[in-house]
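Chain nomenclature is as follows: A, B and C, assigned in order of appearance, with residue numbering initiated at 1 for each chain independently.
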Amino acid sequence: MFTVMLDFLKTYKSYDPAAKSLWEIAILYPGPKAIFLHRCANFLYSHRLFFLARLVAEISRCLTGIEIHPGATIGRRLVIDHGMGVVIGETAEVGDDCIIFHGVTLGGVKFDPVKRHPTVGNKVMIGAGAKVLGPVLLGDGCRIGANAVVFTDVAPHVVVLGPPSSVLDRK
Amino acid sequence: MFTVMLDFLKTYKSYDPAAKSLWEIAILYPGPKAIFLHRCANFLYSHRLFFLARLVAEISRCLTGIEIHPGATIGRRLVIDHGMGVVIGETAEVGDDCIIFHGVTLGGVKFDPVKRHPTVGNKVMIGAGAKVLGPVLLGDGCRIGANAVVFTDVAPHVVVLGPPSSVLDRK
Amino acid sequence: MFTVMLDFLKTYKSYDPAAKSLWEIAILYPGPKAIFLHRCANFLYSHRLFFLARLVAEISRCLTGIEIHPGATIGRRLVIDHGMGVVIGETAEVGDDCIIFHGVTLGGVKFDPVKRHPTVGNKVMIGAGAKVLGPVLLGDGCRIGANAVVFTDVAPHVVVLGPPSSVLDRK
């Protein structure tokens, strides 16, 4: 258990050059808190204690700005960097060793209680503000650019670029 | 009054397949809290108690991550889903039965105290991260895609797609 | 000191036609709080009290939804409007008299401890949801549109438009 947590915190440190110590990450970073509270919420949810599960998720959202539905399946060593505004839906599945930045949505486009959120493979990186919508599959090792909107499956190791901006010259 | 609230919570439930009960929605969801506190703030604002109105709006923002200016006009049964990062400006008007997702801005592009925020019709859906800017009109039943940026009027029942993402293949 | 603060609050008021008084801005607006707490965090950081610095930054993030790394360099009279979801990285530098809206990221694309965040000139305006990534230079007086993604230098006084949305007509 302790090893798992240490492993997890070390992953954070290796990604964040601004982090000065493991203590800082464990106590002050929103990402690890959100993951820890999600593990609790998910445990309650799997025992059909839906109200309590949601209560834990809502407390986590208040503390961290990260909203993970208690029913979502989260793999190992998920790094959620900054995290404010992240929304992960009920039927979303995230693999191991992924990095998700703030403002990312793994959301749905349907109002029916079916599998309606994305399935994310291993070692996937999703940039700030990207929206991945519907029951799509993001292949292992793919990378999604900042503010990109993804509605279709993405093959493994592919890079999806966000929308291009244009320059308007001014007198 | 009770009927109005029940009606409102049922609307939420009908849209959110992950919601398990009306209690859960009333007590734990950020959207209904934000709307309720906005009704209070708007009442204070209309009686020219601007500081108190803003205080209530700021408490709501802290609790829910949703920022609605006390002066904004909000219609019936507005569903704000997830809600983190929503910003609704002072002169914005929202019709009945709309759905607004997290990260949506109904904002302005001017620094003058005129009508400078959007007017949203009835049954409009605005996707996550979309920014609607200026005193534009979103017609009844139109739908705005995730991360879309809208600067012009949108006709009723039209669908505006967010920006296209492109795939960059990787060796 | 008092003059500096008054000057700062007056700048906010001049930009926000919805603001009714300087008291309202000083006590209720998230932007001034975030800047004030960042000055504290930056002071601690420059004295190598990294944990305390980060603690102050994290408290600020909880209160305001604005995340400024204690190491970031922030110029005078920066207006952060609404602010929820703003992320400013460790090596970012922001000039004087800039306006940054909610959801803006001044972020990095590398995981090495080098200068990896943007340098923003004076009188720059960055619209809601825009992501400026990497050690790029935003020239004096340039304006970045809402939801734009910027990876390259921007010349002074240039306007960068966010991504275009397209209309899909519906039967």
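By our rule, contacts are C-beta pairs under 8 Å (C-beta built on N, C-alpha and C of every residue); 3 or more make two chains touch, one makes a residue touch a chain.
Remember, predicted model here, so these are calculated numbers, not experimental data.
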Check: Taking a step as a move to a touching chain, how many steps at least join chain B to chain C?
Finding: 1
Note to self: If I list every residue number at the interface of chain A and chain B, are over half of them used by both copies, so same, or under half, so different?
What the structure shows: different
Note to self: Rounded to a multiple of 5, how large is the rotation, in degrees, that superposes the C-alpha trace of chain A on chain C?
What the structure shows: 120
Next item on the list: Calculate how many whole Å lie between the centre of chain A and the centre of chain B, each centre taken as the average of the chain's C-alpha atoms.
Entry: 24
Margin query: Could you pull out the residues of chain B that touch at least 2 other chains?
Written below: 65, 84-85, 103, 129, 145, 147, 162-164
Margin query: Residue numbers of chain B touching chain A in their complex, please.
Written below: 14-18, 20-21, 23-24, 28-30, 63, 65, 82, 84-85, 101-103, 127-129, 145-147, 162-170
Notebook entry, point to check: In their shared complex, at which residues does chain A touch chain B?
Noted result: 50-51, 54-55, 58, 61-62, 65, 67, 69, 71, 84-85, 87, 89-90, 103, 105, 107, 111-114, 116, 129, 131, 133, 145, 147-150, 154, 157-164
